[in-house]
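Every chain is named by a letter (A, B, C, D and E) in the order it is written, and numbering of its residues begins at 1.
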Amino acid sequence: MLLEMKNIAVNYGKINAIRDISISVPTGKIVTIIGGNGAGKTTTLRAMSGMMPITSGEILFEGKRIDHLPAHKVVANGIAHVPEGRRVFPDMTVEENLRTGAFLRNDKEGVETDLEGVFHRFPRLRERRTQLAKTMSGGEQQMLAIGRALMSKPRLLLMDEPSMGLAPVIVEEIAQIVEEINEQGLSVVLVEQNAELALELADYAYVLETGNAALEGPANELHDNEHVRAAYLGI
Amino acid sequence: MTNFLEVKDLTMRFGGLTAVDNLSFKVEHGTIHGLIGPNGAGKTTTFNMISGFYKPTEGQVLLRGEDISGLKMHEVARRGVVRTFQHSTLFAELTVLENALVGTHMPFRPNIFAAIIGWDAEDRHGAEARAREALEFFGLDGLLSERAGDLSHGHQRALGMAVAYASHPDVILLDEPFTGMNPEETRQMMDLMERLKADGITILIVEHDMQAIMGLCDNITCMSFGKFLAEGGPKEIRNHPAVIEAYLGGARHVA
Amino acid sequence: AGDTIKIGFLAPLTGAVAAWGKPGLDGCEIWAERVNAAGGIKLDDGMHKVEFVSYDNEYDPAKARTGATKLIREDGVSFIMMLGGDTWPGVQPVADKTGMLFSTLLPSDLSPDTNTLIAPAEVHPIYNVTGVEWLAENKPDLKTAVMCAQDDALGLPSVATYLAAFEAAGIEMLDDPLLFDPATTDFAPVVTRLISKNPDIVCLDTCYSDYVHPIAEQLYQQGFKGQIISCTADFYDQMIAKTSEEFMEGFIFQFPDFDDPALNADNINFTDPNGFYAEFNKRHPGQWGAVSWEYASIMDLWKAAAEKAGSSDPDAVTTAMKDGGKGAHAFGDAAWWGTELFGIDNALVGDWPVVAIEGGKARIKGFRSIPDWYAKHGDLLIKHMKAYDQMWDQRS
Amino acid sequence: MLELLAQTGLNAVYAASYISLVAVGLVLIFGVMGVVNFAHGELFMAGAYAIVALYAKMHVPFFVAVAIGLVFVGCLGLLMERALFRPLKDNPLGGLVASIGFLMILQALAVMGFGVRMEHIPPVTQEVIQFSDKVRLPVARLYVIVASVALLSVLWYFLKRTKFGWALRASAQDPEAAALQGISITQTAKIAMFIGAGLAGIAGALTAPLVSVNPHMGHSVIVTAFIVIIVGGVGSLEGAIIASVAYAFVHTFVTTFYDGVLADITGLCLMLIVLIVKPTGLFGSADRA
Amino acid sequence: MPKLLIWIAVLVGLVLLPHGLSFSQQEILVFLTINVLLVASYRLLTLTGEWSLGHVVIMGVGAYTSALLTKRFGVYVPVSMLLGGISAALIAVVLSFPLFRMKGFYFLIGSFAAGEIIRLLWKRFRDPFGGAKGIKGIDPMPDFSVGFYQFDFFEPTSYYYFAAVVVAVCLWILWRIEKSPVGLTFHAVHWQDKLAQASGVNVRAYRTLAFAIASGFAGISGALLAHYIGTINPNAFDIDLMVYVLTWAIVGGTATFYGPILGCVVLTVLNEIVLRELGLEQMRPLIYGAIMILSILFLPNGLESIVQKITQKKAANGTAQRSPAE
């Protein structure tokens, strides 16, 4: 197991955002979390990357506890997070944003190669490498946020609704990226509203409902599950 | 009525970058019109120009033949063109009802002197009735005194539209109303839009969810790199080679 | 022994103007200890101890009004000493209603509207004429001058006074007085402008020590070698340290150190100036200045009047104090004076010392009579005061 | 006349030097912490009092005293970060109020420790560089100029060329997103507060022998600093430095050729004009919809 | 009817209040009453999300206008007070042209600069403003009798009754405005000016309106002050007082109408009465600073949050956070 979350609960003030959730991410696999609005998907990811203090439970990364660590130390273990709402650095250029993603890396050449790789995947970003991030369009910022996460060369990638606001062609590109990096041995946790896409990409899936894990199982099994089909696939 | 809302030779430049380039299209009254295009094509920028948030570098926006380009946002709104925003933009600290009440600003323009001495009771009742009506329309009547910022994502999007609807608009501009919604919610929202249309409201919509666009729109304009690319009904657009090439792709994951 | 006599001290003790109040209160405490140790104040009904009741007015007229009310109506003081200035007009209605006797350090507060306000310690800025007069007599080859001042209620009347004094002495002003904002900290530009005219004399007006020091330092560093005249030179030893003994030699100002032997002369009415000075410096090292003794000197005057009247009643003390139109000023006999300038004879005016720095030490060069100067040149003073809107009837 | 211009120019360079030290510190704190540090002038004052205590009273060598002053005031900055700004990080107005409270405390402590009157500091050096009879630069002022240029250059390098600088910029723009890139935001906050406060402290320490040191000396400094960072565009270091130079020159020349009060009015009007023409200052940038 | 009973009790309390106080406390009560209006008007401005540092200078505009009108033209004092308020509002409208191009921190400092320029003008033009010394001998409110009560406006109690009635009327108007659709629009402009614009709100006009109304009431409070102490000068309206107003508002809390008023009353009583009575006169800045820090650390939502907890009633308008200064 690369990452293990055991019986996690998280509160915002008095509100229980998630109550008792356990999630395991095996090395080299893609795990997806689906669920309705406010089910707690974002909160779960935030707890994983240390952005949200947990109230109970424990989180292990490669067997080491990381739940008490501040976000920047969690990330240093090799976790990258594409946050909800993009959160690009507004007053940095596209290229600076991408380089910030490689903040903890010291291999200069590797960084240049990866930068080239991101530009290759998203030619738009190369065109606009000196444009300030805040003036980019919604979808362009989303590409930038994904590119930035890739720049840290993570072992585990957390993606919060990466397809949001992207044109269908780019959504395909994202799907391809996820598959490719997964082939290179990277593990991915994918949170998606586009459940169809998510279940197709993932190996294993969790369904959250109001702060609890309602269902879990291999992705293709859940894809055929009655309840999932009705509630999340719109079939 | 033809030439209800017309965009004519619209151009927007940011420094050396031309975000919208000589774009023209027409929106018929009482229809749902889609505006699609790859990321960064200039859709939001076009919206910003129509709604008066940006002043176009060149070109015109004609509403019933009147040039409204360059007017301030509230002036455009008072001519009946109301917009929502790409992200959930609400009065987060106000209650749901209060949000909708702000939406009734145009039909029931408050008067400060009347308000102080209490001679505006009629207007206040009218505004509240209208606000409740709009909230009910979007199924938010059970949440009147919730803080808007505490609502779930879907409810927030609905509230955003209720605020727009409360002002009796002629045209609503919707920027990606379906982001962050699951298929079920999307479908409910589509129904509401159909009802708006039945009410005689014209809708101009930007969205990347093809299921919604194709299901809703009477007419679709596709743009790319700031320029007009194609226009037509959902069928034509779905099969338009240039649109597929620039935007839809193999459409493996889109309905 | 009877009840303790309470004296009100209503001045800024905190905030930016505290330097004009706090050292005065410190001086008064020493004064009270000494008087009480000597038995107190002798009135008709016996000996009374004195005690100061202070109220921090933060240099705000509204708080001064509150403070005056408290001191009079709740604490039952017999006399109130104030710094004056901005705070006086707030207190004035209280003074008018209650008839309480008040003193101020700033005679520009005086007006015929209130006859219970006196300015017995100093007639700022009129005494500045004595320094200019002395200079003209003793260094007749100094012919030209320039001046700078902070643009506030203390600076402007002082500018008018110096202009009158220079005109009376036949010294030519090379430039209009240079006004600077009270918040100024860097004086290099001011000094550059001043000495660009190559004056014989640079006049620092009534600059506070926070300005006098950096200005003197800049004059030194920018190569000025002429005469300097200033109203005050508190901590002049530090100025010498920052410049040189040679540069400061002959610097003229108006406030002697109280260890000056000339103050032991018989005509001086301040009790034991040397001892007072030593005691103050022991308790509050580095805080001595004009304010330190002025409030205490007013108390000397008040005590004498109260003992003469045999009562601490404000009316009786006032009558005794102004008896015959004469009074005992710290620097000698003086007269109640001021109708032409203030509309009322409530300022105590007499001789004033001219002080020069010689060999690194302030020395009184002589006492000069302010009324004598005024008799000769009063019209000039009034002319310049009018030009700066400083006459009592010009104040809005 | 030429000499007068030259001397006034030198005066302006000195003014620009210490103003930019203070202003850059303020910008840095605002940028990273997101709070308006009203106590910045009092940090300047604390630097000056460090010199009073160490150099004037305890006779520590001047530059040693300056270095200690820098560290001392830097630590005051750390204290503010830990005790005030960190607990109030979601509450910028709260931070502002807390900094006002801190200002009052620092002033009161100075009064309690040193009295209300001005302090005296023996001159560090009385040497003067003479360019001509009327054009002179006191070496004590040269120290300030040199220190300012040196410190700001080092800071410039630090911010633009090192990872720390990168981290500061990132956490100024979005602290949470910065944490996700592996940047410790408490670390950057501490560094920013230390440097920002330290710069104010060293400006106070270096200029202490040249100005009147009193508990209220911070007031005029912070007013100037506010004007400068607004003209430059809040959050912009370049802007702060350029605006400091512009303000110092305008103020100095108007003082010398007209008068000091007019110079203040000119400075304020200049600022309003810049803001009317460009409401985000010279180097500030507007946000997108 | 318990609500009516409460209001009657409050009224009786306010009428009896000065009789339980010492003379100097009565004086403080007068200034407190005036400051309550000042801080309540400040809150109206903050409703639209802008924090100004020029508010007390605007108050000064009202004070100067009213003082000059009575002194120069013999205008009847209550009329000149009203005119003082109106002129403060007009000045605010003029200032709004440059200032409302700015937002957030820029507005904060821009308003400070505008205020400083006005103050420098007062100092610079000795005629008619009296320069740095300001104006003194301002006509007091003329005494009069209402049959059962003889007003002698030198007496703090009399002036307190007068000021309290004026302030109460002003507060009532401010309250009515806040609770009206106009007030709601102010809130809306604060939280999302873009969306408000899209709803047809002329944001610029509303911000100006709030600024003008707030300034008008500040002007009235200035006039009330001027005709009581009889003197005003530029220093009385400097940043120090502004900082107090700001801290009253924030320490009190700005989510409710009464929050800033509560802050003003509590902090004034602490600073002017409690600390002085305790003999800590010269320590006040130190203690006051500490109180400010502690209250903001431990009551981040202001003193009003205590009241809210006690009454267990959520205030009508968003209880939670205060506005960020952006």
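Just a few scattered comments:
Simple rule for what comes next: a residue touches a chain if its C-beta (ideal position, glycine included) is under 8 Å from a C-beta of that chain, and two chains touch if they have at least 3 such contacts.
Predicted model, so just to flag it, every value in this text is computed and none were measured.
For subunit A, the chain with the farthest CA centroid is C.
With respect to subunit D, maximal separation of chain centres occurs for B (centres as means of Cα atoms).
Separation between the centroids of subunit D and subunit E, computed from CA atoms only, is 32 Å.
Per-chain Cα centroids separate subunit C from subunit E by 37 Å. Chain centres here are Cα means. That of subunit B falls 48 Å from that of subunit D.
Along subunit A, residues 135 each make contact with two or more other chains. Of all residues in subunit E, those that touch two or more other chains are 123, 194, 285, 321.
Each of residues 108, 111, 223, 261, 264, 289 in subunit D touches at least two other chains. Subunit B meets subunit A in the complex at residues 14, 17, 37-41, 44-45, 86-87, 152-155, 176, 179-187, 208, 210, 246-254. Listed in rising order, the residues of subunit B touching subunit E in the complex are 51, 53, 72-74, 77-78, 82-85, 89-95, 98, 101-103, 105-106, 108, 110-112, 115-116, 118, 120, 123-124, 127, 147, 163-164, 167. The touching residues of subunit E, when paired with subunit D in their complex, are 51, 98, 101-103, 105-106, 108-110, 112-114, 116-117, 120, 123-124, 194, 239, 243, 246-247, 250-251, 283, 285-286, 288-293, 296-297, 300, 321-326. Of all residues in subunit E, those touching subunit B in their complex are 173, 176-177, 180-182, 184-185, 187-188, 191-192, 194-203, 209, 213, 317-318, 320-321. Those residues of subunit D whose C-beta lies close enough to touch subunit E in the complex are 30, 36, 38, 83-84, 87-88, 90-94, 96-98, 100-105, 107-109, 111-112, 223, 226-227, 230, 234, 261, 264-265, 268-269, 271-272, 275-276, 279-281, 284, 289.
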